[in-house]
């Protein structure tokens, strides 16, 4: 491969119409001749270097077709907030199974799976955990992310398909509450992390936390050290928006006791 | 409660027509005035002290009806071997979700969930693991058991519903191959373990390995020490059926490299 | 030393009028020519091979006198239940300091310090801890035991004075509630443990849990493995007195959530 | 709360006449409308925004009065060097108990407790420890700090009162010997650490090491990661005052073998 | 294979004239049609089912010849006490290298390597270690055993040759001092351990401690749990020969401070 | 010692004609009045402040002569790539033994031993290890480095001779392949690390990884935190020479699976 070429011939990005999908659509173009975009929603017209394929991930045949000639997959598709279980099961459980079985059949070598901090949201905000800490999902959404992590582990152990499960923190333009000063993951850092996930020669099956270089942290990325990810951004620049105050939360306020924050207040019975 | 009474008014046993379900049907009667039996298959007529309710666990309404007036649940239902993903998803993922949501709605306090060693079957036969070791499922069946463990963890963290996830080894009349000398879990020991799971005052969310007192072991039950389980049986009495020999397995024989054994050879693409 | 002689010339037993002190007074005679008994309360007349010295451990001069010609100390003195802080400070903090400073001045080589499971009583009844687990005292009494463990550690690190801190479970004739099925420590096992503490050639500074071979346990004695203690008794023989029942404790009943049991309900403000 | 207001109405600073107390008196004013200063020694006249209350912490009634209308406490009072045990017991053990019982009675929600590296001074200078490492106090002073850590743990576990135990290294204008190149904690960094301790929404019970960003370190602050403390200073700027030399300490020089340094040479019998 | 046959065609036992070699010569016959015996010393005439080959293990060609048609190796050869380094290097380092290179060339699948507790003899007698604890050899002999453990690890990682490194305690007819009450490894238990090492289907590279079921222990065999070794003997029956006494060793007596015992007093400069 | 003097009177540098030896010869002059250079190869003429002594490290008498009047040793001598075992044994095993025995006889207090990442080269490139991780040598060279680490541990435990075992990564002018982006150790950082090793007041027996501040890392230097080493360089500046590409290595390419890289392909049978 000469340096004139882009590294990959074709990247598949699922969830391309979602919040992060729209960001990534712009940012990952340098990595592939063609970016194939997929979502259940409308993604607009294909731009240069793009292929647009509307697809319900719970449709197995469609997903297998989607995988044709793909080198690597950024699997950001599915439901990305708490929802009723059946919807999550269809989109995130059936859907992720379809992705992996298609990956396996198509001979794709590597996947980045958009997991979530909500796979471990029931740790306390005074805990400090790493990728080997037992999971503590904080809802149906988090449970579906645990499923994806287990599923991808299986496909690695059994078939050698590499995956980085990226437990994304809060990837937004900026933190919108105090909690996000801890979990903030800037778009630039997200893109840099994805670059590391795709271009590290070997990643095996890695669970990494997606966060910027924020002052406070609940997550130790030691088991992702081989990725070489180095955050450039920090939530510090936004700290002034949430000035210090002495209004401590109530002792039984679970949204501040546990890392999952507001997700804790949602649950299967409320939806 | 006087000692004349049985401890529970009503135990629900799912999977009552299955291999272990048929054993337990006979053995758990002393623990409840009424044992409600459930399975997707025919269970024959109700005996004294029994209620028989045929039920597909993927049918949410039926499961909610099943839970009425239940004190505790022994959830042995679902598919208990490797199968295609969709069947496992319906029976073990949707089915177990239905059980827990019904448990939650009905105010049931405790569940024993029949998990499996196949949730960690991709550890090596030279590894020694405990309940906190990251999961390594060895197939779709094992992945569905991981799901059940995560789901029950959520219901405990969020709602205080206690569960013992019992990673059952090989619960058969006797070991039928060398691997089972390690994983053997006699029926008597299974029943004693269930007794511990049901009658320990608090179990929180516990992951326990179901095994007899076999000479070799891959599993450390230290995090289930509070259950007070003491195995009475051992595979030693059956060891003579598998005499020592020098026929070492091939280096790449994954059924002896990994704890999951023959399950390793099955997989989504083979079914 | 010939085998006709007793191993020690003089053992000092503090707290000799207490519940365990009275038991030990009878049982440790084979180990020393003279057993010096001390308590703040009346101990009756000295028997053959005994010296009886009534003594308030908070009286430094008295304690130094007490230590004269002593080989080893079994420090069971002080307050052994929850009490107001000032009383505990005087008896257990000042008192234990006096003991150690006297031990140091007198050149005594080894102490067995009667610590307590209440030094870690705020672990949950579903936790499994060992001697290196951070302390979680459940009251002023437990805090005073933590103090004694730290103090004795200092005297070992600085002066080489050996101590076994024995975190005694429930050393009574028999368990009187369900909790004690876990914490039971028979008198015979207590005596055997003390024998190990006194006669192991080196003990350094060891923290050991005092318990019989009960089916359920919260405590891993791995860091006391060099003591060679092997329990002969078990709470199993008393289990029938607390029959299995399905009356689960309330979710917020701290006496069953935490290992400390009923001690949790006492506290500085209640006394 | 608008940003015009100060975060707290009233902070209590004990030990206000001590070395660090005098520094903090100047620095913490932005955090509270009123800083209540307390010490056993004379503190001079109250400045604007100050209340000055001379108080012996071993006087329970005085301490309870001191706590009236206090939001949070910075407990820097007591004896801060090695001393005879009785003095330390009165000031640091009885005194800290009085503080916490008053905190509890007054409904104060959070305390920063000035603990010390001397709670673990008997680790070696080649060890690397964290907040969960078993304690190794290096003298009576260190033992009293262990007591405070245990006591505050109890008040958190039992009553939910939050504490950060800050194991302060060497908080001086600059390092005055080689050891302090490792333990240096600049005043600016101390103040920043206190800011984190007071304004992190939840701290539970945290043990943090107080040190600047020095090149060498014996302490891993991983379990304080949620505080968001980031040191701005380093001992590097002072390193030239202690030039490299080949004069290795003697093998048995305990002041260089153990982290506690010169404190190791003091002890109960020497004072 | 029918049960009439012996499991192996040919076992090679090195060190057959040594203390343990002579014991094993008698005991391992049931496991192989032919036991090939090797030693640098005279072994007497071959008995039925034996081949006797005198061999200096530092002679590479001789060792390669020795390995012809061998199924498995019990490598007990070399120097088994402290000695000068050059002798140990020749016998234990060059010798063990020759064994492994011959094993590799000959396609032998499994080796039991007689390692020693002296590979970790510089742990304290109050420590409790396992196979993953960093090594602490107590002399040149111990260092040569560390070498063998590293070498065999390499041959496993690189070529898949399985080895059990058996850190033999004190394998003698009975304990001859107090230390051996901890380290005793009866001949029967040694033979049972070897049986486990040879007939467990997979052993990978395992480090196991060779000890009977003694009351006190310094070694945790958890990482050898897959071997299924269960000791039948205990040093308890010999305890009466070393009656309890209060003669504590001197504080600086390294033979009781460290696990290696008397080996600590030997060293390169003393020989 | 006044600041005009150099810290040491005489440093011995072995391997002075080797790749790193030639670099160090220039760089360590500020640390000693005299640098004694040793190698088996020609080193050219002695410069000012140098002594040049050609010496085969396997010659015990020569090594003992070499050690006369030496303060500290930088032991970089021996074979530094994979080679046949006998050559490595003579140079690295016998040679390093000779060094340490001479160090012991001569009363030298401290050694820096040039160990290698190849002592742990059989960890995977997705592993993250520290100094306590069990060794996984990747060849005869790596095994000889394990030997040196064990030997130096013994000399520390038994005689108090301090050693830093420096597991050098890739110390070259710049990385020459992708692997070296992880293992790069600039000459400046090597010199700074050696400065830390020599001038930290106590180092005991430390195992440190020699690497620059590279983005990706396989090694956690936490147990060398007391050294105060801070890398100034990073491989980042060279990353553009190895542009991102999607050419993933084959699944069975052991040079990318394991940390040892190309060393994995060499082995005893190939040389």
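Read from first to last, the chains carry the letters A, B, C, D, E and F; within each, the first residue is number 1.
One rule holds for everything that comes next: contacts are C-beta pairs under 8 Å (C-beta built on N, C-alpha and C of every residue); 3 or more make two chains touch, one makes a residue touch a chain.
On a predicted model such as this, the values are computed, not experimentally measured, just so you know.
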Chain copies touching (chain D, chain F) - same or different residues, decided at half shared: different
Between chain A and chain B, centroid-to-centroid distance (C-alpha), Å: 32
Cα-centroid distance, chain B relative to chain C, in whole angstrom: 41
Whole-Å separation of chain centres (CA-atom averages), chain D against chain E: 53
Per-residue overlap in chain F, given as positions that touch at least 2 other chains: none
Interchain pairs in contact, sorted by label: A-B, A-D, A-F, B-C, B-E, C-D, C-E, D-F, E-F
Complex contact set, residues of chain D against chain A: 1, 3, 7-9, 31, 71-72, 109-110, 160, 162, 195-196, 198-204, 206, 222-223, 225-230
Residue ranges of chain C in contact with chain B within the complex: 124-128, 178, 181-182, 214-218, 220, 243-249, 251, 256-257
Partner chain F, residues of chain E touching it in the complex: 85-86, 89, 93-94, 97, 101, 104-105, 122, 131-132, 134-139, 142-143, 146-147, 150-151, 153-154, 157-158, 264, 267-269
